[in-house]
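Please read through the structure below; I'll follow up with questions.
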Amino acid sequence: MAGSGKAHMRPEGDVVLEVNDLVVEFKLGKNQIVKAVSGVSFDLIRGETLAVVGESGCGKSTLGKAILQLPKPTGGSVNFLSKELTTMGKKELRDMRPAMQMIFQDPVSSLDPRLPVSEVIAEPLRVWNRGNEVEISAKIDELLLAANLDPAVVRDRRSYEFSGGQCQRISIARSLALDPTMIICDEPVSALDVSVQAQILNLLQDMKDRYGLTLIFISHDLAVVKAVSTRVMVMYLGKVCEVAPPEELYQNTKHHYTKALVGSVPIPDPDRPISGNLIQGEPPSPLNPPSGCRFRTRCPQASDLCAQEEPQLREVSLGHFVACHHPVGE
Amino acid sequence: MPDNSLSSTETAEPVVKTKKPRKTIGFYLASAWISLVMFLALFGWVLPTPQWDEASYDNLGVAPFHPSHILGTTNDGYDMMASIVNGAKISIIVSLVAVLIGGGIGSFIGITAAYFRGKYDFAVTMIFNIMLSIPNLVLSLALLSVLAYSDENNPASMTRRVVVLIISLIIVIIPILGRIARGSALQWGSREFVLASKSMGSKNFFIIRKHILPNVAPAILAIGFLAVGSVIIVEGSLALLGIGIPGGASWGSMLANGRGNIEYSPHEVYLPALCIAFTVISFNWFGDYVRVKLDKRESKI
Amino acid sequence: MNILRQLLRRLIPMFSIVVIATFLLSLLMRLLPGDPAAIMIPNGSIDQQIEIAKETGLDRGLFGYYWKWFSDVFTGDFGKYYLNGGYRDLGGVIADTLPVTLMLIIYAQIVALTIAIPLGLASAYKEGKRFDRITSTVMFTTVSFPSFALALIFSLIFAVNLGWVDPIGYVSPSENLGEHLKLMILPVMSLAFGLASGYTRLLRTDVIATLKDDYVTMAASKGISNRRVLWRHVFRPSSTTLLTSAALNMGGLIGGTIVIETIFVIPGIGYEIFYSIGARQVVAMQTLIALISIGYVFFNTMVDLLTQITDPRTRERRA
């Protein structure tokens, strides 16, 4: 990418979330700044699943947390259910929290090892005073069952007694407790065995249908995303490269980074070990990203223009947007 | 330890099984000794001994196993058993109160510093470092020699000296446990369950109470036991230097008084010395037991 | 260049810690109920008290006093002990007593390491066997045995009951080396016991870890003798940890010697502190305590720096 721009934003539709020019920077020491997210814009329509894809360290988790204002982003706006979150007071923001939930990246670390599962799931209910003990207990059972866990077996156990997949189910059950509108799933399956991945993906799909959720699905793996998403946003080093529906993205890849990602997905033969990334070298440091297109240091097509001018997102075909000066096949 | 295999919809990945830390003989001896000392401190008054501060001038410096003085008397005729019991009371009160209050304050400061970070954390870390840069004993020595200052004209009362001693020890304990609490809270605070709790709208002190404190507590407890030991040592050292609790009212003070009589009534020295040593060692055993248990738990998580 | 930067990075906080700590000591001193000058010479005339207040800077405000104290100490003027109308120069006292304390500490370190190294190696080599279990238990028990309790019990046994040595006293090594060493045995043993236990445990843990390393197994499989493997491939890498810990203990030992010197009446810095408290020489006491703290901070900073320079692992992690 990578570039900026808002060509892909949709003017109509039931917009749940609208993110504009979001910037997240971390101060490191005196004069070093990590530019984790640099001007990302996108919108999310009710009922859709937006996949955010990119290699490790490109700012996916940071983006997800910044939407929840954890911590507040350095710049840009986040409009959720027609309310601006970035300028909101503490109290108002707290009132918005039940509607937006997140499943965090590390399934084991997101559960307090001291608490039994029933307490883990009861926590959001207690924080918001949702019902008395009997009602809470019934709700816990309902959520556990929904997540395909046997309440009788798991209720009194602690998270460290469970496998990653089971922890992930508990996290999902917890994220559903407050009947949210939107859930941000941060790499919900990447820490899991391949056999368990499909189960969790199915579970998420079920939940989405059952509770009418809108999802942001973060992943570094295009193959995982393909089955679950309605729209894919490819990120590189804190910027957006390409936005398109998954089929279109695969068949008509426009961005050189996406192409490399597609190339590294081992779809044809699932038994083949995952091949090395086709992209050469390490990504540049977010402390000092390249000028112009941030991908130019690893792009086979890079030109002088790419170094001077940052490419903007533009529509190449219906619903397919790319930020590149020399898109693939043009 | 419950069986880890769970009948669920998916196969459980292998979970590391760990043994409970072995409760060694040392652990049982330590428990027995601490119980005995606690019992003496609480219920010692039921024993048929003379008052600890009333001398019997007929029996000066008698050896242990004397018919009316089971542990003998000091060279000045004070009953050793009564003094040991009273010393247990004072030593245990002083060390437990100092560690509980100092540990409480230190943990609060350390945990909040780790949780809120920023300038507050910077200041706290700086102050802890300064306090830790002065050796324990030297710090309490300086505090005590000023706060409990007394001279011939206005002698400090016993209560005042004990209170001042406790305050000095509290000040010594705060940075020790505070730093441990901060370090541990920093580790736990970066776990995603804290972020998860924030994202569901929990308030800061709720998160600290519900998620951080229970996880940090074992580390504080382990060091807290060691701290009780060090406090007893510092109390004894201060008494030997002549600025702790006076008049043979604590074990350290008994040592200080008995030191000059070592040739005539050696039990005046070895009895309190062994009491101090056993108590310190026992608390260290406890601390170590908690620490090992903690390490095992950590490696499991 | 890099090392210079590291040095500065450590020296600046060290210096600020020293300044703040000594300032707090001054503050504490000024909190004393009553006039410190009158406390120091209770029998002196008002004029004498005024003069002493002037000499020590006690007549100035808190900051003025601190500045005077700091600049004096910095330029080598450590102040005085005021005694029965006369005085002793504290600088001279420190010059006399500091070497004694250092000697005591160094003896204790040497004895502790001499006990700990063979015991730790043997214990690690026989990990889990009876020898190891017994050593470990004994060491764990003695590591927390307070040195002053040990000192008193040693005096009782070896001086009072057996009469092998005098219970108290000190002779300088230049005067009579044999007598000097004999008198130092009990204080040194009292300090060394706990240290030795700590070192043994440390070395044992470290050596057990090293023994599991691949290259040790390889060296052993190449048929190199056990003793040689243990010495060359195991002890050498572990010795860094041991020496670091020994160096870090130096600061703490300065505090620990106060009581030991008092019990055995050894004229070291610790004994001087005890003496200055008894003689109500509050300014001298402040100076001595400040010196000990400065030494402690300085030592810890230097050790930290040295490990950083010598241990490539920490160096890389920083870079």
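Order as written gives the chain letters A, B and C; numbering starts at 1 within each chain.
Note that a residue touches a chain if its C-beta (ideal position, glycine included) is under 8 Å from a C-beta of that chain, and two chains touch if they have at least 3 such contacts.
The model shown is predicted, which means the values in this text are computed figures rather than measured ones.
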### Query
Which chain, with its centre taken as the mean C-alpha position, is closest to the global C-alpha centre?
B
### Query
For which pair of chains is the number of C-beta contacts greatest?
B-C
### Message
On a C-alpha centroid basis, what's the spacing between chain B and chain C, in Å?
### Response
23
### Task
Give, as an integer number of Å, the spacing between the C-alpha centres of chain C and chain A.
56
### Message
On a C-alpha centroid basis, what's the spacing between chain A and chain B, in Å?
### Response
49
### Complex interface listing, chain A residues touching chain B
65, 68, 70, 94-95, 97-98, 100-102, 104-106, 108-114, 123-124, 127-128, 148-150, 153-154, 157, 160-166, 171, 174, 178, 193, 196, 199
### Query
Which part of chain B faces chain C closely enough to touch in the complex?
24, 26, 129-130, 133-138, 141-143, 145-147, 149, 151, 229, 232-233, 236-237, 240-243, 255, 259, 262-263, 266, 269-270, 273-274, 276-277, 280-281, 284-285, 288
#### Entry: Of chain C, residues touching chain B in the complex
13, 17-18, 20-21, 24-25, 28-29, 31-34, 39, 42, 137, 140-141, 143-146, 148-150, 152-153, 155-156, 160-161, 167, 251-252, 254-256, 258-259, 262-263, 273-274, 277-278, 280, 282, 285-286, 289, 292-293, 296-297, 300
#### Entry: In the complex with chain A, residue positions of chain B that touch it
2, 4, 6-13, 15, 191-193, 195-202, 206, 210-211, 214-215, 297, 300-301
